[in-house]
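Presented sequentially are two complexes of chain A, the first with chain B as partner and the second with chain C.
And then the complex of A and B:
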């Protein structure tokens, strides 16, 4: 693994600058949620965004995709992807980024799959929409991708419906769907929450392996420092819609500077040592 | 609008094994058998009927059912069996066309309203309230009285009557599902709004719509009959079950029940077939919620 110094020297794939915003619950009045969020994701890194529930980490991720909930209003800052300003893009332009350049995998994979279509059809469909390949070619690539994410008996399983998939298998299928368009940046929003610990470890291993194979940049959103230690080289700590601390994985876990980070690390140690 | 579909959703390509409990239900197969019989009859009647359905005096007037005339003859001496067969073509095809029209238009309209909301949704709902505020058969009679009779007008009117129900049903389905995570996930892989709506949300909403369509079909069958009975819509003289019942209504009192009875039975069979099928569709295994 490269050291964090090498990584920060790389140009950022994703650059979030002073990003702020809130929900317009009453017309004309915005309740602020994000306060000047600033961080960057260097090319080739695996950056983690860590924080408790409600810290704004998922909202930040959805804002990157331009898909924050309808009542969300941006009040300040910008998000740049590879030098292009995502916050200034039209819906049409954003659609060319979503899926093709930046993919996202959600926490609950089973509800991210459409219940009335087979898993294979859905993955192949993404492939056909984003890459304009033939039906046959899409099917071939789907099979390849399901093999890559280690779904056993991929040929049989691609003709099954989402309800026939376990949580771990569904998460792999979602990963295959996210990867099939060969995105440059993969955002994983709590990808292992709700899975058994053994399955969690499998999925995390898989993500690390795929990252090593493809050289893709990943951005992992989680509340679990254990997951971070295993998979990431850079950590962004968020709380209450603010970035508290940014540092290398070793630094954050061994020598956290911010009082909140210190407490977070101490608390997760306590859980581990019990 | 381009709305590439993903493929056929599971609901409408039920292989035998995937029909679940509905595949073994007598209701489905009875309904399908009756409907098939009526469809075959209407096809056969275009080539062959025992007598010409429009010819009068093929036998004695108001003759009781016999070997020569299994359903008897009517007041003009026409063969009731031949006329009932010929009328199957009119009634079955009107019913099918009407239901398909209402289903397609209602689904698209309701989906768009439910998905995009806003002014379009508001205007849609007001139009539906306007349509719903008239008693439906009265509205049909009024429109035909103004627009004139003819099969095209009957189809239009009978399709407009249940349209508000289809629109509301589709709208409610889409509204409840548009925030589902698979819809969000579809957006995140670069699907546009029409792609999310027609490739992901609409296929997920088809079950209640198809169930309603088959219930509605039986209502449409009897409404078409009712309009014919009132002498509206279908050209007098051409065979139609409702108008045949009307022709025979005086004869019932003097004991010649077959003139109205057999076309009445035919309307009943058509309506019952759709009801049986709708029961079975409602019983189809719910794939989404199966664990």
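And then the complex of A and C:
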């Protein structure tokens, strides 16, 4: 593993140390999946976790949120958020962090939304749960948030159901839902995978703009180095449950040190649009 | 003499009748699209959701009935064939789909998967078929050790190789590749592209390559056709279209693709809003309402494709003003 100098001296919002674990497929026996994963997400940075299928990038993200599948067992290490050890927290304690201080947006927005409630209701519910405001205030904030994520005609759209939303609009609604509790850290798990290229570009622009406005820290999980190059300043490369390389975006793209990263950049370039 | 045409699609049209607000309305998914592909050539069909590219694929494979137009494979009409005679036509036209996990039968071994098209389309004896299966596996860079495996025992890349081998079995003239690399990791994607290119050279195959991945399109195709809301907006040699896109939609599409290059926040041409419902396609140019350079006339008449060079055609009189509309785009 190679490490470059951190591009920022900010204290980490998220600090993952020697995190390891696997799936307990048979009682008492854990098949290891993550091996000593170590990286940090400096405050205000946009850090990408990049890897192919099976690299462990999504499992790492889910572990941060305490949402890893039930069979997952941690075997080593810790995850600290703002100095607090998430891996030592009870479910109840985790709930004070999850959704309030750390939010996550998943890949397929339309399947993340509940089909039987209007989009506005679902966002307002998150607001009322996490911020304890009145129904009326929650509705006002929902409208404000839908405007922020550039959903056109937000007042009309908030009374619509998820099936009336296109994939890109649904992803904006999910962003609004994640942002309404004003999280300090936003995790984005393949947020634009499956969207058309022009819609993907719009959503990425939106994420970059909101980040610039709010100063929020983001952690983007993706397989697409093109998306990383356009949106992130730090990159963690994972493969086979291990961190292979950490560096600034510029260094990883222009001068990757690890042989796997070099191959990944070369393969991504081979089929890119130029 | 002109080289023969492997796949010829003429004035293909597909309309759907859908119930909208209590009455039936017509939805035009593909609007008079024509193109042809020669042996050894790759034509890419690019466009986003709702562009009609998948409907074209479904019409060619007769999974849906075209409303109008003709489709010929190696000079033989596919449209109008009865269901009984259709399977024979498939010997010349094969498909590789996006997701090999769902397009392969999970219960069939590799050997059985490759034997089936040989039994359907050839008169080979059992021993000859066995030899041919081994050769097909070698063609896609797999070996005999895979014969008794089932799809779940293969990796994603190996499954896609098997799908390609199955398509090759009947020795087709045309292979329709519908997003063949979309479900693969980048490292595997490159291998599959190289494999498809080698097979094309060796067998003189014509590929109709349907993809939303512009990088792969640039790698794979000789010519490209850009579609938007059921119609072709631009077509031409791939390099020319990528280097010098003319139609505003093509520019928007190409400039939206993320590039693996640090610090290059490249210039994007942005379109207003989102793609409209196919039930509400503008009467004039399909891009009206989203286009940054639209003029009054754009909303009145639908622009035809017009040549901007010998082989490059664009349906935008504003971007390419000094051109005469062409009814038939020459076959490169």
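In this section, the second predicted complex is superposed on the first by the 265 of 274 C-alpha atoms of A that agree within 3 Å, B and C clash if a C-alpha of one lies under 4 Å from a C-alpha of the other, contacts with A are read in each partner's own complex, and residues count from 1 in each chain.
Quick note on the criterion: a residue touches a chain if its C-beta (ideal position, glycine included) is under 8 Å from a C-beta of that chain, and two chains touch if they have at least 3 such contacts.
Predicted model, so just to flag it, every value in this text is computed and none were measured.
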Overlay on chain A: chain C relative to chain B, clash or fit: fit
Which of chain B and chain C A:140 touches, first, second, both or neither: neither
Partner chain(s) touched by A:43 [first = chain B, second = chain C, both, neither]: neither
First (chain B), second (chain C), both or neither touched by A:74: neither
Touching partner for A:269 - first (chain B), second (chain C), both, neither: second
First, second, both or neither for A:117, with chain B first and chain C second: first
Contacts of A:211 with chain B and chain C, given as first, second, both or neither: neither
Which superposed partner A:126 touches (first chain B, second chain C, both, neither): first
Superposed arrangement (fit on chain A Cα atoms) - minimum chain B/chain C Cα distance in Å: 10
Residues of chain A contacting chain B in one complex and chain C in the other: none
Residue ranges of chain A in contact with chain B within the complex: 65, 67, 95-100, 103-104, 106, 108, 111-117, 121-122, 125-126, 128-130, 161, 163, 174, 177-178, 181
Sites on chain B touched by chain A in the complex: 4, 6-7, 9-11, 180-182, 184-192, 195, 199-200, 203-204, 287-291
Partner chain A, residues of chain C touching it in the complex: 48-49, 156, 181, 185-187, 189-190, 193, 212-216, 218-219, 242, 252-254, 256-265, 268, 270-271, 273-274
Footprint of chain C on chain A - complex, ascending: 52-53, 152, 166-169, 196-202, 204-205, 223-227, 229-230, 249-250, 253-254, 263-265, 267-274
